[in-house]
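These are the structures, in structure tokens.
Common to both upcoming complexes is subunit A, partnered first by subunit B, then by subunit C.
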Partner chain A sequence: MADSKRINKEDTGRLLDEWSKEFSVSVPSRENGMPAMLPWDGKDTSFLEWYRNTVIPPKANFFPPYEKMFDFQKGAEGYHLELPPSDKQKQLIFGIRPCDARALTILDTVFQDTYQDPYYLSRRANTVLVGLGCTNPYDSCFCTSLGISPGESTDVDLMFTDTGDGFFIEPVSDKGRELLAATGGLEDGLEADEARAKDVKEAAYRKITRRIDTGDIQQRLAACFENQDYWEKVAAKCVSCGICTFLCPTCYCFDINDELSQDEGTRFRSWDSCSFPIYTRMPMENPRQEKWRRVRQKVCHKYWFYPVNLDITACTGCGRCIRLCPVNWDITQTLNNLPASS
Partner chain B sequence: MTTDVSQRFLARDNVYLPHIAVIEKIIDETPGVVTLHFNFKDEKLREEFTFKPGQFGEYSVFGIGEATFCISSSPTRRDHLEFAVQRVGKVTNALHRLDVGSEMGFRGPYGNGFPLDSFAGKNLVFVAGGIGLAPLRSLIWNVIDDRDKYEKIDIVYGARSPADLCFKYDLDAWGNDSSINMVTTVDKGDASWTGREGFVPQVLEQAAPSARNAVAIVCGPPIMIRFTFPVLEKLGFTPEQMFTTLEKRMKCGIGKCGRCNIGNLYVCRDGPVFSFAQIKGFISSEY
Partner chain C sequence: MEQRLRSEVKALLEQGKIDRVIGFEPGSLKFTTTPLITSDGGDVDHLVINPFIVNNLSVYLTGTSGRVGIVAKGCDSRSIVSLIQDNKVLRENVVIIGIPCSGVIDLTKVERLAGKDRDELDDIVRQGDKITVTVGGERKEFPASEVLFDNCLGCEFPTPREYDILLDEPVTPTPDKAISEQKLDSLREMPPEQRWQFWKEEFSRCIRCYACRNVCPACFCERCFVEESEPQWVLPVPRWQDNLIFQVIRSIHVAGRCTDCGECERACPVNIPLRSLTREMCNLAEELFNYKVGIDKEAPPLFVAYELEEAEDLIR
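Entry: the complex of A and B
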């Protein structure tokens, strides 16, 4: 196939090495306990064996859990504000899953809407995404219901497909095409590789059996929005820990605070969550004091409010909120059992 | 969305980076409220900065944090900018501790502001309680400085007690302006109070401004707003003729941090000014 390439798996380290000359390369890593996309140590490619998906979504590489916005210092001339040095280092993320790459496309919309978010967008502009198709999805995955195919992506720059002892490599964007052209040591893709890759992609697609019904979802959510009984039932077991939102690849809520002293310190932002009552608390009232209102907000935001504003559903079906919830809350059950009315 | 962001004043292209502003004057309004006058340190910004009544900013006390306040002065009076702060917590307490000459941070203006153009040629009825007069006084002074464009002006303003009346210098000025029908009331007077007593909605009902060719702009504590709308409806105001500004917990002020939404609307970006018709159309009672 035109512009496609192939590589044997044992050469993956060499390829990452070559890319490391130009990029800071991140790969799936368990170094900090929870799997995340972390800087490659220059040798370990064992993730090729254990990696299914990360726990910490790749949004953290663009919108970290804690981020310095600027430093301030009070001197004789008054306050001086200093932005963090802009990170000119080009990044490459190797192995991002199609769902998580879609999540970045989703986040791009809110971080560009009306006002540009300089922190997120500068990292995005600086980063090449190398996707790796799923061969072994979790049973909590339901990406196919959101129009995502676990083996394919239009949201990455380059796409890798596991063909057994090697990878079939396809450029997706111009950025990917350029990178591929500049990368040495790759053989041209063979027709046999392409055929094999097609089978792998189709097999992965068939492995996703969990589904949600997205037909008329906005209207159906609107119809039962005031159905307090339903939302109370749905929210009953939630313990408001916030895990489903922190680890959701499309959740982006944040808090802004200062630390140190009034003479010198840092303004930072940190992940926040609509699961917490304090998130919306005001002196006299709190619009989402009750848990069912917060759970309703989370679901309706993803499937109704966000698409109304930004034309894209804010869920990729990655299944993290199902697998990682301590009490087995399940967004697919919530969506599939929506009552017809209030 | 219809947000007008043609006026962006970004420090070094970073929307989160505040401009440095200097406090020029402090006025004690009530025991818990001060008005701060300020100007930007950057002279170019001082010249170019524009805003609309009803818009707000994010104000920083560095090391303490940021909080949201409307700009309470009028865009027609550009010698300096003003905002009024009720002491309720961390940042508001820190703002109360600032002195003349202190520096703070400012990001803005944010939000939609009042639809001033659509008020031209109309009778205007302003109804405010307590510190709720802050966003309205920006609008009222703007209207006064463009007096010919508008018809009759009614102002009903109230506070819990005489000591809780904000902007007394304005109340006097408007009271002395023969082109304005001004009523000031307190829930309960004290020994020296000779003015009106009674809750704002009741006083409004007695003042009974006509709804013909009029709009009403209401701002105050939630309870006052709740009781004022029915009175206005009784006076013949339609939901399209009634406006208010909503308050939600805010952080970013620009539709990103997520917390100020009512359904798909973000109060920071799509508000904070809404007509009662819009509010009636909200999907949720979570406001």
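Entry: the complex of A and C
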């Protein structure tokens, strides 16, 4: 590829250093044993050794677990609102996985649907995504069933592929091309690198063995929607916590709360989950009192309602919901065992 | 044990002595198990017992109707007793199938020792006090004391005392408080400011997924205080202050009910050392009230009973 580049692994720190001059750079970090995309400390590149994927999905860099929406004061004329200063800082996320980059493409559809969400969208606009293809996927990964390959570059600006001693770097978007043009000290990619990168991507693809059958999935879900026995059976062990939704890179539900003192206060939004029995209790009641309805909702939303409304499946096969669930509830089993009818 | 378990459960179901069973079946990932809740005799052959049966299944009892057979390790059986004491479960509605337990393997410890993730390990085999981990064809041996859960290492009651069926001979308890409470000891040694800083940092990571609460059999409130909006005790916003208050109140609410099963800490996706709080609650219940949880199903729950002479010490 004409405009591709290459870099030796030991020069990664230098590259991140250079980017840090213009961007606030985040990299995979496991400070306190909780892998997440966190600000780079300017030295540590050990993530190149251990990083497979993060526990906290990179959606948190755009849609954090909680954020202030605005402050408000009650005055004689009504309420005065003060928005937090908009975050102009340009960010660069280094090492985002293909599934998590796809998740942002999925989230974009909802945050810029009828309502343009300024908080999420401004961060999105300010951010460059530098992808890093997977070479060692988890046993819980099933991205290939969702049309994503572990070496996929579609949803990032710049793509890195591990070629052993170094990385093969491909620009993907205009943003990525510009960044690459402005970055000094990179060698041109060689044909051998490109060939090697292709092999690496194919090998990673073959490593993924967990699969779901997505053929006619909407019809199949519709056919067993009323099958209470099935949903009760698959939901039995779920404890209705927030792990599989909070840590799903495509789940976007949030709750809004005010912290009040006398005539002023702050409005926050924070992650919410359709797994919780009290979900939507505030504006009305939760129409899904029974657990099996909530589990059914989670599955159908991702694989049926979301595609119908926004034309994209809201699951990337990242496997976090399987890997992190305290009772090993497994969405691939639920989908693969769907009964043919009610 | 596994064969005996399956035949016992089959018989219980056939004779109509239970309507359903709660046990473990193989999980969908390497070295995991998953809860199996079923009334279908055909599922019984999936039941397993191995060193990876992490969950405290008694958490399902309050939500399961009818007569229930339940597979219980030592700590789980004490949770059941505690639920009986709190009138959440009726003794005659449960058939406790006890497992004399020699401890459950903490995969996080194995991963750390082996330098590889769970799914990269070829095999983990337990033989008595040794655990052999095979990685890339190479075998590494570790003493059980390095790979079992901290709470298992301090367990005083590995064999259920309350049971209907005991699947094997009782195991001799070998609690080692020092190893089991290593983390807690390092916290005890910290000056208060440092300890405050420690918890502040830990709770900054909490995302309020409530997995700790939802896997806990002692957290049986139908409406948790965090969900009250009038008054609003804490905001659902996961700021460290609110997170800490949530966890401190939860710890106090489970005091006298917590059996140190360790599930809250294991379930936490962001590795907050919750057991350092809940274990301390167990220690306090013992020190202050000479109360061990889940030992006597006839006894009133710790915070329900009150002796006049306690007034002197406790309420000042």
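Before moving on, here are some points about what is shown:
Assume the second predicted complex is superposed on the first by the 327 of 342 C-alpha atoms of A that agree within 3 Å, B and C clash if a C-alpha of one lies under 4 Å from a C-alpha of the other, contacts with A are read in each partner's own complex, and residues count from 1 in each chain.
Following the convention adopted for this analysis, contacts are C-beta pairs under 8 Å (C-beta built on N, C-alpha and C of every residue); 3 or more make two chains touch, one makes a residue touch a chain.
Worth saying up front: this structure is predicted, and the values here are computed from it rather than measured.
If you put the two complexes together on subunit A, you find that subunit B and subunit C both fit without a clash. Look at A:Thr114: by the touch rule set out above, it reaches subunit B but stays clear of subunit C. Once chain A of one complex is fitted onto chain A of the other, the partner contacts of A:Asp162 are absent, as it touches neither subunit B nor subunit C. In the superposed pair of complexes, A:Phe268 makes contact with subunit C only, with no contact to subunit B.
Here the vertex is the CA centre of subunit A, and the angle it makes with the centres of subunit B and subunit C is 90 degrees, a multiple of 10. In the superposition on chain A, A:Asp255 makes contact with both subunit B and subunit C. Of the two partner chains placed around the shared chain by superposition, neither subunit B nor subunit C is touched by A:Glu152. Looking at the shared chain after the overlay, A:Ile243 reaches subunit C, while subunit B stays out of its contact range.
Legend: residue contacts after superposition of the two complexes on their common chain; A:Arg52 is shown touching subunit C, with no touch to subunit B.
When the shared chain is aligned, no partner comes close enough to touch A:Glu170: not subunit B, not subunit C. With both structures placed on the common chain, the touch criterion links A:Met69 to subunit B but leaves subunit C unconnected.
Closest contact between subunit B and subunit C, by C-alpha atoms in the overlaid model: 7 Å. Common to the subunit B and subunit C interfaces on subunit A are residues 255, 257, 272, 282. For subunit B in complex with subunit A, the residues that touch the partner chain are 1, 3, 5, 8, 11-18, 20, 22, 41, 60-66, 88-89, 94, 103, 105, 221-222, 247-249, 251-252, 254-264, 269, 283-284, 286-287.
Interface residues of subunit C facing subunit A in the complex, by the touch rule stated above, are 27-30, 32-38, 55, 59-60, 117, 119-120, 201-202, 205, 207-211, 213-215, 227, 229, 235-239, 263, 266-267, 269-271. Within the complex formed with subunit C, the residues of subunit A that make contact are 32-34, 52, 55-56, 65-66, 136, 138-140, 233, 236-237, 239-243, 246-247, 255, 257, 259, 268, 270-273, 276, 278, 282, 322-324, 326-330, 332-333. Remark: subunit A residues 69-70, 72, 74, 78-79, 81, 83, 110-111, 113-118, 222, 225, 252-258, 260-265, 267, 269, 272, 274, 279-285, 287-288, 293, 297, 300-301, 304-306, 308-309 touch subunit B in the complex.
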